[in-house]
Each structure stands twice: as structure tokens, then as C-alpha cells.
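Lettered A, B, C, D and E in written order, each chain numbered from 1.
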Amino acid sequence: MDILNALVAILNFVVIPAAAYGAQLALGALGVTLIYGILRFSNFAHGDTMAFGTALVILVTWGLQALGISLGPLPTALLALPIGIALTSVLVLGVDRAVYRFYRRKRSAPIILVMASVGVMFIMNGLTRLVIGVDEIRFDDGARFLISVQQFRAWTGLSEGLSLRVSQALTLVVTALACWALFRFLNRSRAGKAMRAYSDNEDLALLSGIDPERVVRLTWLIAAALAVTAGTLYGLDKSFKVFNYFQILLPIFAASIVGGLGNPLGAVAGGFIVAFSEVAVTYPWRKIAAYLGFETDGLLQLLSTEYKFAVSFVILIVVLLFRPTGLFRGKSV
Amino acid sequence: EEIKMGISLGLTGPLESISPAMQKGAELAMKEVSDSGKLLDGSTIVPVVADNTCADAAASVAAVERLVTAEGVKGIMGGMCSGETIASLERVGVPNGVVMISPSATSPALSTIDDKGFFFRTSPSDARQGEVMADIVLERGIKSVAVTYTNNDYGKGLADSFAEAYKAKGGTVTVVSAHDDGKADYSAEVAALAAAGGDALVVAGYADQGGSGVIQGSLDTGAFETFVLPDGMVNNVLAEKFGTQLETSFGQNPSAEGEGHEKFEALAKEAGFDGTSAYAGESYDASALMLLAMQAAKSSDPKVYKDKVMEVANAPGEKILPGELAKALELLAAGQDIDYVGATSVELIEPGESAGVYREVDFKGGKLNVVGYR
Amino acid sequence: MSNTRQADAVSPWRAPFLFLILVALFVAEGTMRNALFSGSWNTALAILNMGLISAIMALGVNMQWGYAGLFNAGVVGFLALGGLAPVLISTEPVQGAWAAGGARVLVALVVGLGTLVLAAQVWRRFSGPLRVPALIAVLIIGFVVYRGLFDPAVMAIEANDSARTGNIGGLGWPVLLSWPVGALFAAAAAWGVGKVALGLRSDYLAIATLGIGEIIVAVMRNEEWLSRGVKNVSGIPRPVPYELDLQNSPDFVARAADWGLSPTVASGIWVKLLYAGLFGLVLLGLILLAELALKSPWGRMMRAIRDNETAAEAMGKDVTRRHLQIFIIGSAVIGLAGAMMVTLDGLLSPTSFNPLRYTFLIWVMAIVGGSGNNWGAALGAILIWFLWIKAEVWGPEFMRLVTAPMPEGVLRDHLLGSAPHMRFIALGLVLLVVLRFAPRGLVPEK
Amino acid sequence: MKLGGLMIQVHDLQKHFGGFRAVDGASLTIETGSITGLIGPNGAGKSTLFNVIAGVFKPTSGRVMMAGEDITGLPPHELFRKGLLRTFQLAHEFSSMTVRENLMMVPAGQSGETLINTWFRRRRIREEERALRKKADEVLEFLTISHLAEEKAGNLSGGQKKLLELGRTMMVDAKIVFLDEVGAGVNRTLLGTIGDAIVRLNKERGYTFCVIEHDMDFIGRLCDPVIVMAAGKVLAEGSADSIMKNEAVIEAYLGTGLKNKVAAEVAEEAAFAESHGAQPGLGSEAGHGGDGKPEGGL
Amino acid sequence: MAEPYLSATDMRGGYGKADILNGCTLTVERGQIAVIVGPNGAGKSTAMKAVFGMLNLREGSVRLAGEDITQLTPQERVRKGMGFVPQTHNIFPTMTVEENLEMGAFIRDDDFRDTMEQVYTLFPAVAEKRKQNAGELSGGQRQQVAVGRALMTRPSLLMLDEPTAGVSPIVMDELFDRIIEVARTGISILMVEQNARQALEIADIGYVLVQGANRYTDTGQALLADPEVRRTFLGG
């Protein structure tokens, strides 16, 4: 019984939250890694693209709710998602047209594109705030829990509870699907191969009859779709706050790098590594130890949570030392 | 005369969501005085707003520098966050001899700072809040708590003073751990707090920042059900967000009972903002105090009126509520004493900070209810 | 097929011209009073001072990126380390802190370092199946001993008057001395970081240094015994007189009156001018040294390494060593700037060390200025800093302009209410415009 | 050719990429003062062997000795100081530097490469630079690209980059120089001149050379001995003559001549190429006759 | 006389201010092999790029099958049936050999497995490596992949910039053989070669380019026979 309790405690406080958070990071990292892989720069505006898209989704969700449309146990936002993606795509393509294309034509160094993306980041950042303000917004409706703590306790009679939220499950599923689809798309489909070819050698792609502008457009479209989906799922699980979408950029970058830039599998693996190292390394084992029969005064905590981010970075650096271009051998410009 | 008054708030950055109400609160007082036409023979007040970003001391100094040296303001309602306030006070306020009254910087460090008499605050030092909070928690029969605080001088200071007081009074603190604001995820913090255990969780954070993230995580995983919420957390937003999930939670924030507060709320509503938003009342009071001190000193020169701030704030004199600034100006002009009460029952103690009347609140029925004052 | 970028010819007058524009901006800020400028020399000089410090930071980044192609995204960490120096060197000693646990902390740190060195030795010397267990054993024993010594000492120090101090305190030495010490702190850290991470390439190095920067800042926020952590240290001594003292000196007041200035204004300007002089001196000195180095075989070698590491290595250049060298120097310069900044602020506030402001903004400065070009970096830094500060005013002003023709109503109110957020939009727009018209930076490398 | 001992000894060298054995137990020696040719089919492992010797790759196993000293796994910059130079098959120019700078950066131990000196030893640096510049200009002159001295190296044509590759090795006094296909993409007339230069450097300055090249004309004219690699191993070794007659080498590498109608005519031309008489790539050893090859041609 | 299949006449242009091409003219008849030779830096590659539309021409025109294509983008030229193997950077390094070839057939909608098999039989060395990333190949192998990629396009005009650089003699022979075969099917070939003697052997027409202008133009045999040309450009 106590062993079961210990197990449930770990599941509830470490495994499930870290997995969900990892999936959120992974979904964001997929977008970053895609842009890096094809267009060869680190897109700092990705976090704010997520925020902007989510803001649009929220507006549409409100509209739908006002019309009385809902999805039953699933959040209404899922219905609004396609519209959000469509609108964000338009914006992102516009930005590419107005900003990035110029540097692409000029064959500017990647760092210039990175700096341009910082500029875009600032603008999107302000834009999102203009559109929806700075307040924290909750827009999850439908059922919140698949399994709630109380239910679980009632079913099992254990003293530890377990919860699994709809949004967590949703994120995990969507991430798995997105990764699989992206991987197949890039490696199997004609358009996907054209994208890889373009990223490998732009001029030669041209000579093969690949239309570079099409490739770029397609890349942005997929990236926008990923960003809005990631942003929405994240917002459903936590809540929407513009500021947080900038903050999440750092762990997203960490995730895409540790997995190996340009590789969808790497992005997903990276997301989970970052998430699990944050949660697991700072976890105090006292309670578990108690269930297993060792009572102690100390917390049995390796490091305090203040250092959680630091820990995940230490792990990241160690990984990079042994695998200099990430777990899945990413690209480097 | 046209008198410029500075307002220095974190309009962008980690506290951007409570700043607007604070700004409106401050401007409300200025407008009231301006409209009355009674300040220093019909002077008008022009508010000048600066964005101090709350987090970036350098940007704050630059912004306040602009207020003082470029705009020539005669006083500043601000700063907002303790760290940034200390910087702008030491670098700009004191050297230029400009009065700064902060509505919300609550760090104990500001009590001992060498301010040459230019700094006041309408909020109490967190040293006091810790004690009050410890009393409330113990009185509710909770003997063991976990503490999480937002990792800045405010959170740290408050958590420390609480933990010290609580232990001294016989409670057990299972863990004191920090959380950073604006992080993407708080699973690790929640897991650590849950593992440490405790009958309740003290969240010394910000309602629309990491604080609510931690609460959310705790509720979802069933780690804690009861939360103890100090000033940064006591907020309508929180009640709206979590509703009945906070049934057993309680807390306190600096705010005095009485008509003052209600009157302010009504005024705020009329002006189109939420008067119960954190530190909106304090902002109103901070502005009002400066303007009243000018009237009392018969001068808008901060070097002169700084000595009158304590006088107008405290007894003896006629009590002044929000919306009665015109009356106060008249009284002062007539050479009479006033005792400014304002939205937050202002009572300034040495060295120029609010004595600290706190209201105890709980969240029964998914609403923020005031239980009592202490 | 050529992948080389076409270099546009850049007029030699461009840099001086841009500097003139910059001067004009500052003069406008100092003299013109309107919606865009404040008309106060105090403001102008305040912006300039931080601009000069930013220029030094950008110079450090430029050394690492522009000369050697090293992507250091941990600027904020080295800056913070540099900022530690004024606290440790020049604040007043804390009564009883050393007695409480100073020596023990030092011993503990030595033990900690010793453990790491020993671990490294074990890793290098041992081979075979014993290697990993031995390493782990060394690390665990070292960690336990270290914590055993460290924790109680730290508790003792932090308990020492924790509301006002609670830290180890400084040495009370002149603050100017802390500047080179700050550089030294950063250099020492850079040495360690470089030894570990410099094998990584471009973006991978970036994320590793980003992490290291975060770790350094995390340590400074949480290790209260060192510099009070998030509780901040304020009142750090300065190398220039205090305004209030000047205002109280009859001499000064008289001289101010000669100039037709009020003592308050004059004292502010005078102090800032002194700072500007100090910072300007340091900046010019650094640029001079950097230019001399860059225009000599050393600079040529660095450019070769940046262009093609494999070939440079085959041509007998020790790429690893050179990378380490420039990484240390660049970081030292950043550390120096950190010490200067904390001196200027009179405040060490670790919470304010966020990467957006102190890593990415500095990068923006260096790149906008023109990477590889020292003057460019300095110019970019001062300009971007100017804009960063002025965006606070220009953003809302711009919004007012946009909404002026709109009818009264919800939309207009909403937009006006959101005016502060125009700060970001304005900044972003300016950045994009600059990059558009000078895609290789304002003053590109030749 | 007078030989003074062994410059390079490679002993049972292995280099694996994943499961693939690019170099698979190669052993060979290069004698001091020789111009050794290294030939073999594409993918035989020649460049990989070079890269291992020059310290770019760590060998999977095996040893490399230089003048009796074990240099296995030393980093390239140390090998450079020991006098081991190499060129790259795919040109590795410093693209944003001028052609002249590309050359001037080469010599080791320039006082101007020490940071302190750049501040306090300006005079000495200036003098050194003057000498270096003169030398660089001589090399450029020799390579017929003087007019490009101020051009960015990245803007050079494919062949010009190759020349620059070679030029760098001429900036210092090397003991041994590894040339990885200097000839590919270089105009044949110029290649002749380069061949002369190699011989001169070999004779006058005592450089040892190891040359990878697919142009058998060039190999035949310059190299003795010639080592043939195939599938990561040494297939044959000997004088150019003997190698070109070696059946295994012909089968794996040289082929049986240009199978078109004019092969015979080409063979005729071969006759007036003196020396070893090899007509590169044509494989028609008509001049030497009797090697039992088919006439060639379709 | 009917117009040649490709005629690029009087081309002038360059990368920056100075012109690299100074009135260079190249023509190829249908099914012919044209070979360009010349010293390094003569502008051979530049001329190829100009024909392919990767360089802005100040003067001159390019006509393909009687149609003026001077203003078309490279992509459009690909669709008009032009194929090009550049001198450097001519493979996709992180794609497998097979994918490289597939990219060659990007504009083809028909089944190209046959062609791919043909390429593999032509270059058995790369056939072994079809699942390997092209960036991991040896220099000569890459070159083979590059040529293979162009063959996959099934162009009507095939342009090769030094296809045999770094390729071993036996493969070079095969390659030239194959080029002849390809030309016999009616495809025009325009190539730059430094293995000039071998190339001119099979050339119907040869151009000697010096400083961006035609110095000699004649049949391959005639150029080979000209002692002056041999000495100064073909290495004796």
C-alpha cells in the first residue's frame, strides 16, 4: 500500500506534470527547430507568435462562447484554433514579406536574421498587448480533469491522490501527433524534401526547380500552425499571460538545442529533458522515503527549487559536452 | 501655477497588470485637487507618467530622472517595486531633492534607508506584515505551514519575517522555498512544497504572477487546499480565477476599515477602474498626501513641503476621506489641521511609512470577504 | 553558386556622420523641449552615461562575436559577476560577519574547488572500470564535506543582522579599484566556462553560455551571504562627489550661479559629467587597445579563425587557445562594464539581471552597430540605449498621433490605454528600420 | 632521388565512420626528400588518411610517426609547427580576408600575434609585416594571381582558390607537405608550372611531398614512388611506371582508356610525352606497349 | 541556317562593378557537345551562371530553342529544360544520395526509377552509398552524385561545370562515355573542363575563354591540333 502511495505521489507530482510541461516545451521547440532547420536562424519571435496566435484564439473562443457553441468536455478553444492559425499565418507571412525576405535575398548572415527576429519579437509583443491587454486570461472550458484527486482517492482508497487534466492529456497527444507528422512530412513528402533541400543548399534547390519562396511560405505556415497550437494548449493548461510567452522562449530554445537543432525528434526529446530535469532533480524525497519506511527530518532534496532552471541548464551543458550538436545530431550554421 | 506631478509605475514588465489601476488611482487624486481649484491659489496639476518597468533598476532611474530633470515634477507618486524604488530614490529623488511617496514598495530595507526626509510610503513595511500574518495563521489553528515566496526583496523579506514570527510563536515551517515570477511552469515548486508538507501553504507572491501559478498547481495536484495570502496575493482577480477552490483560504493586506475604503471604491467605479485592485487606494493616498502637504506648506517646493507630509497624514485634525480633498485644501488654507485618512486609513509612523493596519480576508463562497481588521 | 556575401562599399564618412547624428540627438535631448525631447541636460547626460557603459558591454560582445565568432549568450552572467566587485571591494565591512563565518566560507569554497580539480584529475588519470566510480566517490565526498563546512558558516553570516546586512560585507577600499577586480572576476569565470564549453559551435555555445549566465545570476540571487541576494545592496560608494554635498558647498553654489544654473541642476550635471568623463576614458582606452590589436597580425589571425577554423588550425593557429583568450578578454570587458554600472547605480540588484535586458539588448547593440567594428559597436550601443530609453516617451507619443484623428470611443480609449506597450513596438520598429538600411550594421567591418 | 630516412611512417591505421571502414589497416612510409604519389579510386580513403595524419581526425587505431616521433592524434596546429603542412581537397580559404592576407597569416611565431606586442612592439611588427608582404607577393606572382592580391578570397574562382591553397604552403619552410588534389580544377598549363614548383621546392628546399592526384600525367611526371590505395588499404606501391602497368591498379583505378573513337590518336600523343610517358586518364600505355590492354574505343 | 538550340550572344556582366564577361558568346546545336576551356579565373563558371540566369547581364541575350529567355529566372529555365551542375556546392550534404537524385527529378512528374537505376549503374560507387548522407562522401563521390542529379532532370540542355574534377580516371572515362551517349539522344551539352584534352576529344565545338571573351572557337579536334592552344591552355 505504501509503495503504491509512493508511486502515486511520484506520478502525480513528478511524472505527469513534467510530461505535460515537457510536451508543451516540445511543441514550442518543434516550431523553433523547423525555422532553424529550414530558414537557418533562431527565431526569437516564436514565443510572441505563440502569444499572438493564442490571443486571437481567445478572441474567437469568446465569440463562439457568446454564440453558445461548445465542444462538450473538450475546450471550445479547439474549435477556434483553426481560425487562429489562419489569421496568424497571414500575419507571419506578412512579416516574412516585410522583414525576412529582404535579408534572405541579400544573403545576410544568420545573426542579422536573429536580430531582425528580435525586432519582430518586440513588435509582436506590443501588438498582442494592444489586442488583448496584459491581464491573465483563463479560457479553458469543458471538463478540467480526466482524473481528479478526489475521484482518484475515492476509487482507490489510497491517501495520495492523482490528477490528470484534460489539457495535459491533450497536449501529450497533440505533441506526439505533431512530431510524427512533421517527421514524416519532412522525410517522406515531396514538399518536405524540397524544404530540406532548400535548407541544405539554397542555390542548388533553385537549380532543381524548387521554388524557394514557396518553401519559405510553407515553412512559415507550418511554424505558425505549430506556434498557435502550442500557445493555445499551453494557455489552456496554465493560463494566458503575454509575459509568460516570452519567458517560455528560453526553455524552448534549450529544448530544441539539447535535442539537436533542426530535428523534430530532437525537439521533443529536448522538451522532456528540460522538463524532467527541472522537476525531478529538485524533488525532495522525504515523503517517498517515509512511505518506504525511512522517516527523516531533512527534505532529502538535492537542490532547492531556486536552482531548478540552473539544474536543467547544467544537464543541458553536460549533454552538449558529450554530444556537441545535441542528442539527435542537429544542424549548426 | 501649473504643477507637474510624477507617477512612476511598472506599466510594462512583470507587474504591468496592476499598474493601470494604480495609475488611475493616483491620477484621480490629482484631478480632484486640480478640479477643486483650491490648491495654492488655483494651481492645476498635470500628471506625468513614467514607466519604471518594475524589474530594471537602470530603466527606472532613467525614467525618474526624466520626470525630475526634464519635466520638473514637484513630487513623485512611486516607485512601485522595492528594488527599483531604492535605486531611483538614491540616484534621483534624494540628490535632486524631490519627494517620493511610494504606494507599494514594502521592503523593510526602505525603513532604514538614508532618505534625507524625501521618502514616504503609504504601505507598511513587510516586517510588520509577517507578524500579523503569523498571528492570523496561528489563530486559525494551523500549526504547520510550507512557505513559498516570489524571489525578490519583497517576497524574501516577507517570507523571512513571517517565518521568524511564526516559529517564535510556536508554529512549524516545513520549508521556505522561492519561486520565480513569470516562469513557464511551477510543477517543480509544487512538487517540492507538497513533499515537504504542511497544513497550509503561505504564498508570498504576486496574484497575477508565479503566486497564482503555484496555487493552480497545488490545487490541480491536490497538494494543498488552504492557502495563506499576503498583500501581493489578496486581489479580486484571484477570487475570480479560483472561485470556490479557495474556500478555506485566507489572508491579509494593508488596508484599513471604514468608510474611506468604500468611498474610494465608489469614486474609482465612477472613474472607470477597480478600486479594490492592489495598491490602487495607496496610490490615491500617496498623491493626495503630497498635494495636501504642499497646501500646508504653502509651497510646491518639495524641499519645503516634505516636512509637512507627516503633519497632514496624522492626527490631530479633521478626518479627510477620499473625495474630500477640496475640503481639506480649504481647511489647510484656513490654517487648520487635518488628519488625512484616505482610502487606506493613512497613519504614518516614523520614518515615514504606514503604520500598518491590515484587513483579514477570506475567500468563502468564491468571493473576497473582509473578516476583520488588525 | 558563390556563397560569399557581396560587400557593399561603405563610405569612410559614414562613421563620423553617424557620430554627428548621435551628438545631435543628445544635444536635442539636452536643449529642445517638446514631445520628443526633454530639454534637460541632466536627462541627456544620464542617458549618455548608461550609453557609455553599454558601449563597453557591446565592445566585449563584439570582441567575442565580431573578432572570433563566439556566440556568448551569457552576457548577463559576466556582467553580474563584475557587479559583485564593488560590493565586495568597496562597501563598508559588516560588523561581525567575518567573525561569524568568513574564514569557514573561504575554507569551504577552497574545498569545493579542490573537489572539482581532484575530480578532473581523476577523470584524466584513471582509466578502466574504476574511472566512473572513483569520480563519483570524489564528487560525493567532496560535496558532503563542502556542504558540511559551508552551510553552517553561511547560516551564521546570514543571521548577522539580517534585516540590514546579513552578508559578508566589503573591504571598504576605493570603488575605482573594484572595476579591474570586476573584470578579473568575470575573466576567472570565463576561463572556467571557456575550458568547458568552447568546443561547442555557434548556437550550441550560445545556449550553453545562456545557461551559465542564468546559473551565475541564480547564485547571486540566492546566496545571501555574498551580496544579500534578492534583498539588494544599496548605497555603494561612488568615485564622484554626492549632489547634496555639492549643493551644500557655497563654492559650488556660487559657481553654479555664475553659469545661471540652480544648484540642484548644476550639481546633477556636474556629477554626471564626472561620470561621463570616467566612463568615456575607459571606453576610449579600450577601443584604442582593441583597434591596435585588431589592425595587427593578431587581428588577422582572429579573423582567419573566425572565417575557417579547420584551415586556421591546419595553418598552425591554436584555435582552442585563441578562443579561450578572446573569450576571457571579452568577458573581462563585460565584467568591467558590470562593475562600472553597479558603481553608477550605487545598487546591486540581482533580480534586475535579466537576459532580455542585459544579454539580448547588448547583442542588438553590437550587431546593429556593426559586428567586427569597435567604433560600430560603441555607436550602436549608445544609439540603441538612447532609443530604449526614449521609446518610453516616443511610443505613447506615437500612439497619440495615431489615435488623434479617431473618433472618441471604446477603441480609441483602449488604444490610448495601451500606449505604454507602444514602447516595445516603437523599439522593434526602430530596430527593423536600422537593420533594413544598414543590414550589416551601421558601421560595418571593412 | 636521394633519400634520407623515413619522414612519415603509418602503421596499420584504421579509421571508421560508424561501421564503415574508410581507412582499413593502411601501412605505408614516405621517405624523406621524396615526392610520393597517392592515388586510388574515389572513396578509397586517401583524403581520410591525410586527415588522420594531419590530426583532423583521431584514428580508430594505428600509429603515425613523423621523423621517428609518434605524432598520432596530435592537433593540426602542433603538426604545423613540426613542419607538417597540408592543403584541402575542397578549398578552405579565409573567405572574408583578402588573398594577400590569406597568405600573410600563415607563418607561425609572428610577434604581432601576441597581444601584448600589438600594443608595445609596433615597430617590430611593422618590419615583420613588410617582409611578410614581400614574400606573399612573390608567391602570388608565382601563382599568376598578383592582380587578385586585394580581392576577398571568397570571390575567387574555383581554380584560383586551389592555387591559394597551394600558395599557403609556400609561405613557410615545411618539412613535409600533403597536397590533396591541388590539380583538380586547375588549368593544365598552370598545373605544369605548379609541378615545376613542387620539384623545385623539393630539390632546393628539401621539402618532402605527398601528393594525391587523379591526373596521371602529373603523377607520372613528378612522383616516385606511387602508392595506390583501394577500399581503405594499400593496394600497390612502386614506381609510376610499374604502377601503371599493374593489372589490379588498372582494373580498380585507371581503367582501360577513353572508350571513344579517338583513343588511338590520343595514344599517339602519349608517345611524345617524354619522361614516364603516362597519358593521364587515358590509360593507353601505348608508348610502353605490351601491357596487354585492349585497344580501347567503342 | 537554323538557329542553334542555345545561343548566348555577346554577354557582358559581372558580380560587382567590374565586368567579368566581356562579350562572350556561346552556342550549342541540338545534340552537340560544347566544351569551354580556359585559364583559371577566365570567367568560365561566370559564363555558365550567366547562361543559367544566375547573373545579371548588362548586355547580350540568351536564347533557347529560338525563344529569348534572357529575362527568365533560373527556376523558369529549369522548367524550360535546362539542367546545371555547378562547380562547387553541387550537392545537398545532409540529404542521402538517393534523396539528392530525387531532388534532381523534382520537376518530373513521371516515374523516374529507371533513370535512377541508370545513374546507379553509371556510378556503382555511389550506388553502394545510396542511403548515406551526401556530405559524408569523398570528393570524387560527391562529384558523381552531382552529375547524377543533373542527369535525373532529363534536361534538353545539360550544363556541367567541371564534372570530372577530382574524379578517378576510370570514372572519368565512363562519364565522358555517358556524355557522348546522352548527346546522341539529342540532348545538348555545354561543359567547362580542365581535363581539356580528353574533353575536347569528344567535343563538337570548343571555346577557349580568356578574360571573359572568346579567344578561340573551333571544333574540338581543331583546337587540339593547334599548337598555340595546346601550349598555352592545354598544358603542352
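By our rule, contacts are C-beta pairs under 8 Å (C-beta built on N, C-alpha and C of every residue); 3 or more make two chains touch, one makes a residue touch a chain.
Computed from a predicted structure; not experimentally measured.
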item: Shared chain contacts [chain A and chain D, defined touch]; value: C, E
item: Chain located farthest away, centre of chain E as origin (C-alpha); value: B
item: Taking each chain's C-alpha mean as its centre, the one farthest from chain A; value: D
item: Computed distance of Cα centres, chain C from chain A, in Å; value: 30
item: Distance from chain E to chain C - Cα centre to Cα centre, in angstrom; value: 54
item: Chain D-chain E separation of Cα centroids, rounded to whole Å; value: 27
item: Averaged-CA centre spacing for the pair chain E and chain A, given as whole angstrom; value: 46
item: Residues of chain A engaged with two or more neighbouring chains; value: 134, 203, 304, 306, 309
item: For chain D, residues that touch 2 or more chains besides their own; value: 155
item: Contacts with two or more other chains, residues of chain B listed in rising order; value: 16, 151, 178
item: Chain C to chain D touching residues, read off their complex; value: 2-4, 7, 289, 292-293, 296-301, 303-304, 307-308, 310-320, 325, 329
item: Partner chain D, residues of chain E touching it in the complex; value: 15, 38-41, 44-46, 87-88, 125, 136-141, 143-144, 162, 165-174, 176-177, 180, 194-198, 201-202, 221, 231-236
item: Chain C contact footprint on chain B (complex, rising order); value: 11-12, 16, 20, 50-51, 55-59, 61-63, 65-66, 68-71, 82-84, 86-87, 90-91, 94-97, 107-109, 112-114, 116, 127, 151-153, 155-157, 160, 178
item: Residue numbers on chain A that touch chain B, as the complex places them; value: 9, 12-14, 17-18, 20-21, 24-25, 134-136, 138, 149-150, 161, 163, 165, 234, 238-239, 241, 243-244, 247-248, 251, 275, 278-279, 282-288, 299, 301, 304-306, 308-309
item: Contact set on chain A toward chain E in their complex; value: 190, 193-194, 196-197, 200-201, 203-211, 331
